[in-house]
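What follows is chain A paired twice: with chain B in the first complex and chain C in the second.
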Partner chain A sequence: MTSDSELLVPLHVAYIKSLGENKDDLVYHMTAHLRLNAIYWGLTALCIMNQKEALDREEMIGFVMSCWDDEAGGFGAHPDHDAHILATLSAIQILVIQDALDRIDIPRVVKFILSLQQPSGVFAGDSFGEVDTRFSYCAVNALSLLGKLSELDVEKTVAYIRSCKNFDGGFGACIGAESHAGQVFVCVAALAILDRLDEVDHETLAWWLAERQLPNGGLNGRPEKLEDVCYSFWVLSALSILQKLSWIDSDKLSSFILSAQDPDSGGIADRPGDMVDVFHTLFGVAALSLLGYPGLVDLDPVYCMPASVIEAKGLRKSWQALERRSK
Partner chain B sequence: MSASSDSIELYADDPEWADIEPVRQYENPNPLAPIFYTEEYRDATDYFRGVVKKGDMSPRVLDLTEKIIRLNPAHYSAWQYRYKVLLALKSPLDLELRLMDELAVKFLKTYQVWHHRRLLISHPQLSSSKSSSFYLTAELRFIAKCLVVDSKNYHTWSYRQWLLSNFFSGGERGKEEEEVWKKEMEWIEQMIEEDVRNNSVWHHRFFVVFQSGIRVGDEDREVVRRREIDFAKDKISLAPSNPSAWNYLRGVLDNNNLPYSDLSIFVRPYAQARSPDAEADEVIDLENPSPSKGAQLPCVPAIEFLADVYESGKSRDDIEKAAQLWKSLANEYDTIRKKYWEYRIKEALEVLPA
Partner chain C sequence: MHGVKRTRQSREAEEARKLKEQAKLKDYLLLTEDLLSRKKKKDWSKEAFDLATKLLHSNPEFYTIWNYRRNILINGIFPSSSVEEINSILSSDLSLTTSALKAHPKVYWIWNHRRWCLENVPPGPSSPTGEQTQGWRQKNWEREMYVVERMLDADARNFHAWNYRRYILSLFPTPPPPTQELKYTTHKIESNFSNFSAWHQRSKILPLIWEKEGKEREEEMRELEFDLVRNALYTDPNDQSAWLYHRWLIGPHPDPILLTREITSIQELLSEQPDSKWCMESLVHYTLLLISLTPETEREEMKSECRRLLAELAGVDPCRKNRYQEISERLGV
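Moving on to the complex of A and B:
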């Protein structure tokens, strides 16, 4: 049932297109809190497969704008949901990719984002107050895309990230928390955007990241945990930023990702044989792009968006992916 | 969706809710995001939106939000509003915590469950009450119970670290703090006993010993370092290929600026194939426990460690010995990281004079 030779692009495109249709199932309504994120994941995956036009631009922009929470000045994951920084970043990323940033009230969004910064320097996700270095990344990424990084208290933001650094070189979600590949990505990418990679212990961290690869080729997020396709992206993007991507066994990782494809209906799962979803589909395709998989479009690992979009905005940082293979 | 509502009770049919105007979910014409709900969930969330719109903060809203949370624990607006209502009603937050005990275990992977606990326990009603110690230590016990169900749950562990640093690190609780940290170390030993490969526990040990202040009895850091190094060695001898124990050992050395070469006598047997007559002339060295009987040798982290020891020697002979070990990793013992080991060889040889 696995197809470990090639990426099934037409099937994945069809799968992403089908996501909005025919959703008479329980899982779908349970994930309304991720709807805007899901559209960003789908759109970015399509861009990387060079199929941006597969989803209608105007409809997408219309949906994004219907998620605007006018009271808070940010975006919710879904119409009528309260504004949250995760959804706000997704909305901005979609609008940037679609070249439609002019639809939003930038000063208000900036105000909303900055209002979430806590005295410690970390960001909360919303007014409910959960804090996480993930949200710091969302804030930094979003402000950078909006061209408003100058309004951020950079020292304070960096100080919190620094306090989440662990003895193994990795970073956790909050002070005292264990290193985790997803948190490593958000911290390293945020520091890259802020030109503060000097905060990272490059050798120790890159080694910790390389250690995430298991003999079957897949990557895990912490020692002694299972491999999962989404970690392919988090580990690889952090390694690209540290310019150490070549430490990964690229052939074995590629076959692991390709073996997690659904060869009948498209999409990529967390690992072979599991149910596919759009989240793992994006991160599988994104990882393959960084590994130089033939025919894919370049991905910017810092922003997790098409590289050409970031370059056009003059925001490219000095990451390094593997050279794109022709065959 | 069929309309078989016989078995479920809907707010729409309940006269007690007649004063609330249900607000339908915004139906989007966009095919990217159509919405289909179960009738029970749709009914509850329609009334929830109605409640929010009206600003209703009556006790029944606690039932409504509980129902929504049980159907969908990731519904963050329901959590948020529930907390507001609890405060508005001056509800006893200890009862809320007990209700949360059930939900936390049920929805262990949902961060809202843990964040809600954080808000509750931080509220002066609990954290500044006469019984605050009781509530806080009950939290530690409750977390330990959750970790029996899922011993590596990230939210659960970070909640524990947060509790310890927020409520037991200021010195305000005097003797009681000492007691908590002492128990914490005992509990960690027990957790490592249960699964020596659980990286979360090893991380937590580092946090407790080195990152959250100095405990009474731990003032002599030299004694602490020795204790921690011996602890790691002991656990490595039980499971030599366990990366968590090796990372811990490296962490202790790095954190205290100690040279890796201090450990070479200990490491050597782990970096070699077992010699056939090893059993016969084995001398028990308490400071340097040998690999356990069935362990597979050599093991990757030990080869790597020994190579680092050689590399720090800096002489040509040392570097060449290190390169030899890296070669064995690249070609035999850790081929998945071949590129990395080749990089180490290249970097080390480059600094040698020609």
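Moving on to the complex of A and C:
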């Protein structure tokens, strides 16, 4: 088999393991503001490839805890970086996957997350107040994983997401913004967690999502834009929540994702021939899992975490992936 | 790494690159360490402010340093500054971040910092009678409109820039009339029919204008919109942007006469472009809408036309054939 038809699991595992070993590289330090997110991306990709043990559990939990910002009561992306809701969700996701939630002061984190909700219902990323429906999703996902959704003002949260809905069925980052597949994922997944999918115009949105597929099999994030592997996950996740995965050509999409692998050093890029990174590696592997690629572990498209972890917490929603193929 | 080509380097070349980088890396780490420790000590000095400028110049994604920069302003610099000085500091921070924005047009943190600067521009200057004017705010807002237009000249689909544009418009001290924004979208669409971001903006601006100008003017303007979108559809029937906009213009509850007229018009385009997926797709959508507005007994002919189009669509657009089949099955045999 060539790299165009097969997922190069051992190479991707080696690539993810190597990411922590580049400490003499400028790029490694210039991306410190994404470190905790990157660990979540790498760990989740490993779990989906059934290689969770490839990274040391204790070391990982220790690093997560070293990112705690005690002044704010949340997690930064790196030790001594400020708390932000993006890093806080990654920390919680990592600790849930590693079954180590007992390490954190849950009431304090909940307080931090709830403090970010604005009068309009949207969430800010931190105390400086940038707002985005991404942050609403982070808050809903994190509170759900912590078992504290009951403390959220659901009506207010849903009202803001509703006000970001466009005529094409999609959602934007804020009121008035253009529909974007990434924002569609966060809004639909947040509504799924809150059991409020009645807010979605299923038929129109599934149509818009299906129209993201381009003749080369890849998916774009907005009309008349280029394909990119990360949209594979965002579009597929929303389609599987709407139970319409069959509305695109899954074989062509699988081939596109596989063609974006680096066949020499592992990892997946945004598109064929580009530099790989752990973000696209996760979203490529996650999409292949939803498409039933053989040998992969089931991914929960709502939380973007291993399905077994979400099921064990009793949080599974009614999404539908393609049946896993045996070969 | 979006859009960065993969290159193969020999081990030797890789080592040489890292060696060359060492000095840069050392400076970067020293500066980072210095600033993070000053931050811990709540050092709100001008010196720390300047060091933050330097670090953000090499890494504009370092959000903690953006936060620190704002905290230095709030806690250290603003309390000892006059309102004139605060206005001038914020104006120069906006200028400074313009070059960062040009180099990194998609970095959330830079856009976010500009919002913060704008929101903190004080009212002023005072008029001769001692009243506060909105002069400083107006001037800064106008400059932001200029900056965002240059950003949209460089990339007409940059959603950060469009979001920022809507943000500025919503908080303008003396906002330009919505008709001016409509003109801007016309200009963007006419230079590229494929710019869906501009069509989208139009779908947000027109309702504001219509609400103000009344039903009669709305009807006239709608007809002009149909002319504009028809022009785009005939120019490139394969481009999604105009088809999506056409769907917005028709809306979920159209007048049957208008709907029939548009169906006829698309049928004409289809006869010129017999393989056009978007003609067929739109015909199915609009015919289904028309069916819902038609008495049960008169629906069969339209249904069979939809089934015929859906079968053809499955052939010309095989990626989405399951969707077409599903809709066809729902129509019954």
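Just so it is clear, the second predicted complex is superposed on the first by the 324 of 327 C-alpha atoms of A that agree within 3 Å, B and C clash if a C-alpha of one lies under 4 Å from a C-alpha of the other, contacts with A are read in each partner's own complex, and residues count from 1 in each chain.
Just so we're on the same page, a contact is a pair of C-beta atoms (placed from the backbone, for glycine too) under 8 Å apart; a residue touches a chain by one contact, two chains touch by 3 or more.
As the structure is a prediction and not an experimental result, all values here were calculated from the model.
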Message = Quick check on the superposition: with chain A as the shared anchor, is it clash or fit for chain B versus chain C?
response = clash
Ask   = Which of the two partners, first being chain B and second being chain C, lies in contact with A:D270: first, second, both, or neither?
value = second
Request  = Would you sort A:E211 into first (chain B), second (chain C), both or neither based on which partner it touches?
outcome  = both
Inquiry  = So in the superposed three-chain picture, is A:A173 touching just chain B, just chain C, both, or none of them (first/second/both/neither)?
reply    = both
Task = State whether A:I39 touches chain B only (first), chain C only (second), both chains, or neither.
result = first
Inquiry  = Tell me the contact category for A:D262 with respect to chain B and chain C: first, second, both or neither.
reply    = second
Inquiry  = In the overlaid three-chain picture, which partner chain does A:G62 touch, first (chain B) or second (chain C), both, or neither?
reply    = first
Shared contact residues on chain A - chain B and chain C = 24-26, 29-33, 80-82, 84, 126, 128-130, 166-168, 172-174, 176-180, 207, 210-211, 213, 215, 217, 222-225, 246-249, 252
Message = For a test of understanding, state which residues of chain B touch chain A in their complex under the given definition.
response = 1, 25-26, 28, 30-38, 41, 49, 72, 74-77, 79-80, 83, 111-112, 115, 119, 152, 154, 157-158, 161-162, 164-165, 197-200, 203-204, 206-207, 210-212, 242-244, 247, 250-251, 254-255, 336-340, 343
Remark   = Contacts from chain A onto chain B in the complex sit at residues 19-21, 23-26, 28-33, 35, 39, 55, 59-60, 62-63, 66, 78-82, 84, 126-130, 166-168, 172-180, 207, 210-211, 213-215, 217, 222-225, 246-249, 252
Query = Of all residues in chain A, which touch chain C in the complex?
reply = 24-26, 29-34, 76-77, 80-82, 84, 126, 128-130, 166-168, 172-174, 176-180, 206-207, 210-211, 213, 215, 217, 222-225, 228, 244, 246-249, 252, 262, 264, 269-271, 273-277, 280
Query = What residues of chain C sit close enough to touch chain A in their complex?
reply = 1-6, 8, 18, 21-22, 24-25, 28-29, 32, 36, 39-40, 58-59, 61-64, 66-67, 70, 108, 112, 115-116, 157, 159, 162-163, 166, 170, 194, 196-197, 200-201, 203-204, 239-241, 244, 247-248, 251, 318-320, 322-323, 326
